[in-house]
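One structure is given below, represented as structure tokens, and several questions about it will come after.
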Amino acid sequence: MVSPMYLIAVLLGAAFLHPLFERAGRSLAKSVVLLVLVFIAVLPVSWLADLTWRGMVPVVFQTAGFQAPVSISLRVGVEEAVFLIMINAAALFGGIYLMLRKSPKWEGKVQVLFLTMLLGVNGLVLTRDLFNMFVFLEISSISLYALLAFTRSSDAYEAGFKYMVAGGIASALFLIGVIYLYRFTGTLNLDVMIAAGGGPGGKAGLTALFLLAAAVLIELKPFPANGWGADAYQAADPGISAMLSAVSATGIFFVFYKITPLLGAEILRMAAISGGITFAFSQLLAMKQVSVRRMLGYSSIGQIGLLTAVAALAPMLTPAFSQAAGGSSLPGGLVAGSGFLGGGVFPLLVLLAGNHLFSKAGLFWMSGITGSVDTGGLPERASLRRSPAAAGLQGLLTAALAGFPPFPAFWAKWLLIMMLVSTGSYFLSAVILLGSLIEAWYLFRWFLNCVKKPQDSGNVHDEEIPDDFAAMEMDQEMSQELRPDLKSGGVPVSGWGFITLFAPLMHGLILAAAGTVLAFMFFAGTPGFALLLPLAALALFTLLDSVRVPFKLQVFLGIAVTAAYGLMLLPGLVGIRLVFGLIFIAGSAVQMVPLVNRKGRHPGLMGMLTALVFSLGNLLFFRTSLEFFFSWELMTVTSFFLVSRGNKASGAALRYLVFSLGGAFMILAGLALSSSGMNGGITAVLMGLGFLVKMGALGLHIWLPGSYAETDDDLSTFFSSVLSKAGLFMLFMTAGLLAQASFASVLGWIGVLTAFAGAFLALFKEDIKYTLAYSSMGQVGYMLLSFALMSQLGWMNSLYLAVTHLLFKGMMFAAIAGVIYRTKTRMMYQMGGLISRMPISFFTVLIGIIALSGVPPLVGFGAKWMLYTALIEKGWYLQAGIAMFASGVAFLYLFRLIHVIFLGQLKDEHREVKEAPLWFLVPQFVGIIGIMLFSMFPDIILKPLQTAVAPFFSGDIFWEGYTVISTLGYWNGNVVMYVTMGVFLVPLAWLLTVQRRHTQKVGQFNIVYAAERPYRPETTHFGYNFFSPYRKALGFLLQPAAARFWYWVGSIAEVAGASIRKLYSGNVQTYSLWIVLYVSIFLLLLQGGV
Amino acid sequence: MSDMQDMEKTESEEQIARIAAEMRLANDGLSDQDKAYFCDARPQAVEPYRGIMEKFANWARSQSLWILGFGTGCGAIELRPLMTSRFDMYRYGIQPRPTPRQSSVFVIGGYASVKTVKRIVRSYEQMQGPKFVLGLGSCTVNGGMYWDSYNTINRIDYYIPVDVYITGCMPRPEALLAGFNRLKQMIREGRCEGMNTYAENFDWYKANQKQIIKDWNMPDYNW
Amino acid sequence: MNAILTKALYTLISLFVITNYGLLLGGTMARVRAKVQGRIGQPVWQPYLDILKNNFKRTGIYHGVMFYLGPVFRLAGGLGTYLFIPAVYGSAVFSNFSFSGDLLLVMYFIFFGQLGMALGAGQSGHPYSPLGVSRGLAQMTAFEVPFALAVIAVASQHQTLSITELVAAQQGGILNWVAFTNPLAMIAGMISFLGMTMGNPFSVVIAPQEIPIGPPTEMQSSFLGMLQTNRAIFQGAKLVLFMNLFFGGATNIVSMVVKTFLIYLYTVVVGASFPRFRTDQSIRFFLGVPTLIGIAAVVIQML
Amino acid sequence: MNSISAAASAGTGSGSGTGTETGTGTGLSGERFPVRERFPVWKDKFSLVSSMIQRQDLAFVQVPMQTTVAFITHLRDLEGYAHLVFFTAIDYIEDGIFRLTYMLHNYRRHHDLGVQVDIPREDAGMESIHHLWPHGATYQRELKEMYGIDFPGSPGVDESFVLEGWHDIPPMRREFDTKEYSEKTYYPRPGRVTYDPTEYMKEKLYPSEAETW
Amino acid sequence: MMTQIVLLIGFLLSLTGLWGLMTRRDLFRMIISFSLLDTGVHMIMVGIGYVKNGTAPIFDEALAPAGAVEKVVDPIPSALVLTAIVIGLAVTALMLSYAVRVYTARKSLSVEAVKELRW
């Protein structure tokens, strides 16, 4: 094993000799520094290899034959090696980042400081001697103080000064603690102290230990004694902030980890509490930040707080971990891994720390590369939209930091929550989940603000009626954007500019690779590799994007792989899974077709889409709760990125993310509770709520309209007709849990109210996509209601609705997407009379609305029939009444939809529009054929559904030819169809006979107009505020109560963040006061606790 | 060269002929943009049924007279009493109708100014044939007391065909009822072919109308 | 084959009867209204004349395919609604196609004609047509609420949704009628029937002075004739439906005529005595007391 | 003209005091508004041409074209004549003038004041008052259409008002012969007879009473 | 006794330094307080390492290796103090230079001048 002294020596030597190299040549000096960085990154790898494969044991190295503290004593074990690999890798890329950057230059002095800082941190990690620790701490700190001033701004000096004051107090505490420890134990060696049975006993000993722990904790920036830390993050150069967060903080955390065996239960408990508080409050604080780096800084502080808490809880968690590892809920790979990583909770810490280190450093660099200073977004010319690579990278890093699969934090989050819940730490679990939610909220808010389009205000959650004369200003902005001198922003768009992305790219790759390896480890041993297909698809299409494969080709490929996937997967499914499999896979394949129509390049789109479809597919065959949760989160994150592609979708996307993630966390909590043996009501409530969020049930729906509507027009259909069923499917899967009567009836009420609210809100929308979005919400409400009936007819109807809703909503969205594509507007009242221009689309929408509104003879009636029959059978009369009202209201908005778009007056600007492109028509044809078939022969869908629910409910309904007979009534779709045809054709024949001659087709203005003539189609077309009497009569129901409630919830967090912020007055003396107070309270509690 | 021109000429002549055959109206009063909004078909006379069928149809038409509710002048006030219980025109199958599409009788309620004539023509053309016109009051006959006004027409029958005149200034409701009965009688006798008269003499009527209606911002025939 | 021919014949007879009955009923009621106003009124057969006249129109116009099909949809809706209701209990001729669907089918088939007509009216491009449609549909959703509650109450009372069975359950004396066994449901249903007939308090849809005749503003000639025919049939269908639901159905034509005449007379009397509601007023009206009555009816069934 | 001024001056001469001499026998004593006392003031400021008190609640003043709008503004803002009752013109073709009359009303005093101004017929035009009363624009539009008097700046003054597409000389000008125009344009139905009403009534309606006349 | 006095002075100095650090408005005074704090800590360290009547831990004639442990002052705290003094010096120097820079930029040495970064 190579001695760690070389590490120290090389760093020290390079730092000292640097001026000489510098004199010989700047590039030489830089190369030497790079070489050193590579060396220190590679060396720990070799240690790890030695320690694992070559089976060596950890070694303690001494310098110069002396004992520490007179000399240096360094230990190389698995822990040290792993942390050094991560730290030094980050340092390497940090160095590369600083080097590749054009301005500010990476000066020689800075390189020296960089090396000494690394020296300090490496020493911190390796040393086993308390006084060495102090020395290394001071080396790294002093280097950091100096590095902070790298930007030479007064802010940097200020931050440096504050940092020094705080650091000085901490080191004073540290020194006193160390010297007392020495006094009590007679040694400074950690191993000896630990071997002697932990720290010294007694109050004095405890105090000494406390002083040591407090010093380390203060260096870790606990709440509220951390204002100086945030200031430093904010003022430093992004490259330095990254190092501060990734290298220094991780190193100091490792110190804390090292001394935990020494500290004893009381101090550890206090440290855990402090860590938890820091985590929660930092997230609140970060949410209110305007400065990107300060926000990231608070996030770092929070993450380190979480790490502290986990490390401090290690004694408590270790048994749970081994229990979990021993049980079936953890895969064998990780069990083996945990052994080889040193056992205990150490793997968890590595996952958390590594994930944080790489993603946070990457994000700091991204903020430097894109010039993003303000969380409110980037200047228009620098928007990340212009650089898909940069946008993708930032998305990846953000997703990793937020803990989405497959990144390490996801697995860590899973393990952590599982362990915490199994040890009964419900409160801490809740705090962690809540904090993670807030973290995802502000991180993605920043991401969205970076990638959003200039016209996106960022707060679009509901329709916006455009001003009549807004177009002029827009033009001006556009022309500004086209000015060539403004074209080159901070973001590299092409060519060599991409090289600046190298460092974050490497971090992204490391994270992705680690995540994939982890996924393989977790799903090893099972044929669960299919679960990783979404990732494979994502990788494949990213590759295709990077070699610039034309988009159309990608779409065809996407359809092909989806179809192949379906062919592989579906034959193996039965029952309800098969029904949803068809919806998820076949429905998606058909609805990808309109994408062919797109022009240009759309990097990432197909990848995300196929990944989304595959992760939906995953839901069909998962077996363990981890597999399920993995797929669920993957579905959330891919669909989020799809939403965020919309033109004005950033606000909606954020809401979508926060709600989805909140739901997912509830599901996680529920899963953890159930796996720890609690199958009570709370589990059902949590999981049910999680699924209801995804379905957009009333009260949890406020994310829905925006994200369905603001998504690209040809993608909306996925969300509405496919994705919304995922929650329903999971409800079916967990029906056993929810089957208790009281839950079912609550679900039923939620369902029927959702149905009504969706229909009612859709009624007043001018924006067609919002109409359809709310309509989808209402339809899902019916599905939920039917599901909640927990009867044969109810479930059949729920499935029937799911299938038919896919057909008609899919084709309507496709038709509407075609219309929007042609007319370039989403406002219904700006359309009109399009029937003459787009007859096929009209026919599709006509069939769609007849089917959707449940008018016989089309499929929709079957759903109504089953619904009301089942409701009356069950005795849910009031629900039935509301459902009928809702379906009447649905009829209103559907009529409005078809009328205002296709009938009435054709506008001048639409006089020349053509029928939608063929690719938009394909899903429409499929839908029409499906609807006609099912309408004519309802048994071909109803009978399989009856079979599907047969394992759950025995038969209440009978068949007599085509007639389906329930206990209450009967319905023969076939005869109804014939009778309808008959009564339709006979009058038509009569009319054609009588009105054959001299019937003149007239123009659009040939109307009786009180003996006047119309002058403009716009003023003649009745479309705006179509149901004004309804608004007058029932408009009070439109109060956005749910939105207000969630605003209120959100504002609690914001107000909390805003008021906590006031602690950080910026005055260094206040900061010192907080440190003193922190220490004193810590001590008081500790003494009181003993 | 000249051959070519001739060919072109004949082609364009053919085109003109074709357009004429299709009975397209020029609609010169409209801007190019407005032309697209309106139908430009020419009204055509419709051959009545033959024999008993037309008699039966005429009987039905005479028994169901729907008045266009458009009071064009002061005389329209005399229509109101007809609906009251004292006169009760419903007895005779006569009832008001708010839209010209569904009406069959147009009662010109007294004097018609140039401005009103424009609306009268428009509404008349929007009625579906067979349609009948009742001129109410002396003004419709020869201008009545406004005979020398710069703005009041003298003879309504120069602009639309009139079936029955009811003179008086004003005629009483009783006179109106008499007029309606006369109209019914004429319909039954098959003498009310104003719709065909209008179509056959369309150019003459149009010329008369255009002579006084100077801002002709409507199609030549308001379908 | 023979069965199908017989059914076709029966259907024709049934339709013939209901059409003529509907037309005569309309004429009679117009006369009743005239009497209320102190007039003599139009001849009883005036509806026939009007339909004849409209079909004898020589010319017509249409605005497009949907405009052309609108009246067809409307008439199909009326015919279909009627054909799915058994008009006379126990009669083979008048049982129509009630075997193909139950009460729910009838309730939803009503929308078929509404939708078609609304689309036809919409394509006319006339702003008043959709304005009328908007009012009509808005009002319809409102009166559907008490009606739906009444139907649910009746269905749960007799545990069936089949109209024939509902009628069967009401046989054997006047006290077996739903009107007496479930008076609350009857009251809610009959109030919503006022809205369904678009009689006077709820006639804002066709307000002639304000939006000339509403949806059919542009309809003329045979199109209008078809709408008038439908009016008779649809009116008949609705009357028969309410008779079946609340008043014990009918075992023969005579009792059907008497019962439906009385039901219709009730709407005419109400219409002749009340002024017109605005749309929002009628929405609020239907969602107020009638809905509460309906809820009461349903809640009684739940107890 | 002279007679008007004479009457006005006579009025001014004896107007002060009780004012009973101007009473019209309605039993009211005194003018509702001592308009007579205002005349000298207005004359100084706006160079009134003449003034006349028609009744105790109606007076007329004549002003030159140049001060008209200033005078009307003064009346509206300071004298309480807040309402423009009507605004019309008379064609004095013999004098070659149009006489415009702005009829103003004072709500508090219940007094009407007609402001008259003579403008030349040739190229007739007048300052617009639409900024004082928005409905003034409508009167001005009508005057433009019927008399051809232009009011530059008045909203919509060039749009047709009652006559749609009128191309002849404005019909209310007295040089326009409406009968000739009607005969030329509207196809007079032959056989029209005109009777002298008096004679006709004597003959047809009241033959018995006719003898007594 | 001596040890106690040294320790007492050390704690007093430290607390004085801390108090000064937290109450003085002038950056230079704060730095001086910081030095006081540092010095106090060093005195504590020395005080703890002191052994009564011990000699300096240098092997020479007076001190034979055998039995030296009882006679000498523990050398480790002294070594620590030396290092700590050096480090403290470095930090103080850096602080002073930053204070100068801050003064150049903000034209003030008040602690109020370094409140740009906050919240």
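Every chain is named by a letter (A, B, C, D and E) in the order it is written, and numbering of its residues begins at 1.
Note that in this section a contact is a pair of C-beta atoms (placed from the backbone, for glycine too) under 8 Å apart; a residue touches a chain by one contact, two chains touch by 3 or more.
Here the structure is a predicted model, which means the values were calculated and not measured.
Colleague: Taking contact as defined at the start, I'd like the list of chains shared as neighbours by chain D and chain E.
Modeller: The common neighbours do not exist; no chain touches both.
Colleague: Treat touching chains as neighbours: how many steps, at the fewest, connect chain B to chain D?
Modeller: Counted as steps through touching chains, the separation is 1.
Colleague: Report the chain whose CA-based centre is farthest from the CA-based centre of chain A.
Modeller: D
Colleague: Can you identify the chain nearest the overall CA centroid, using each chain's own CA centroid?
Modeller: Of all chains shown, the one whose C-alpha centroid lies nearest the global centroid is A.
Colleague: Could you quickly compare A-E and B-C and let me know which has more C-beta contacts?
Modeller: Of the two interfaces, A-E and B-C, more C-beta pairs touch across A-E.
Colleague: Could you tell me which chain lies farthest from chain C when each chain's centre is the average position of its Cα atoms?
Modeller: For chain C, the chain whose C-alpha mean is farthest off is E.
Colleague: Nearest whole angstrom, what separates the Cα centre of chain B from the Cα centre of chain E?
Modeller: 112
Colleague: Could you state the distance in Å from the CA-based centre of chain C to that of chain E?
Modeller: 99
Colleague: For chain A and chain D, what's the span in angstrom between their mean Cα positions?
Modeller: 80
Colleague: Taking each chain's centre as the mean position of its Cα atoms, how many Å separate chain A from chain B?
Modeller: 70
Colleague: Could you list the positions in chain B whose residues touch two or more of the other chains?
Modeller: 46, 99, 101, 223
Colleague: Name the residues of chain D that each touch 2 or more other chains.
Modeller: In chain D, no residue touches two or more other chains.
Colleague: Quick check: what residues of chain A touch more than one other chain, meaning two or more?
Modeller: 998, 1000-1002, 1004-1006, 1008
Colleague: Which pairs of chains touch one another in this structure?
Modeller: A-B, A-C, A-E, B-C, B-D
Colleague: Under the touch definition given earlier, write down the residues of chain C that touch chain A in their complex.
Modeller: On the chain C side, the touching residues are 55, 58-66, 68-69, 71-73, 75-76, 79-80, 83-84, 97, 99-105, 108-109, 111-112, 115, 118-119, 122-128, 130-131, 133-135, 137-138, 140-142, 144-145, 148-149, 152-153, 155-156, 159-162, 212, 217-218, 221-223, 225-226, 278-281, 283-284, 287, 294-295, 298-299, 301-302.
Colleague: For the complex, give me every residue of chain B touching chain C.
Modeller: 46, 48, 57, 60-61, 63-64, 69, 84-85, 88, 90-91, 93, 95, 97-99, 101-102, 104, 128-130, 195, 223
Colleague: Where on chain C is chain B touching in the complex?
Modeller: 30, 34, 37-43, 46, 49-50, 52-53, 56-61, 208-209, 212-213, 216-221, 224
Colleague: What residues on chain B touch chain A, complex-wise?
Modeller: Residues of chain B touching chain A: 33-34, 36-39, 41, 44, 46, 70, 99-101, 119-120, 122-123, 126, 217-219, 222-223.
Colleague: Would you pull the chain A residues touching chain C in the complex into a rising list?
Modeller: Those residues of chain A that touch chain C are 833, 835-836, 846, 849-850, 853-856, 861, 864-865, 868-869, 872, 875, 877-878, 880-881, 884-885, 888-889, 891-892, 895-896, 898-899, 903-905, 963, 967-972, 975-976, 979-980, 983-984, 986-988, 990-991, 994-995, 998-1002, 1004-1010, 1020-1023, 1026-1030, 1032-1034.
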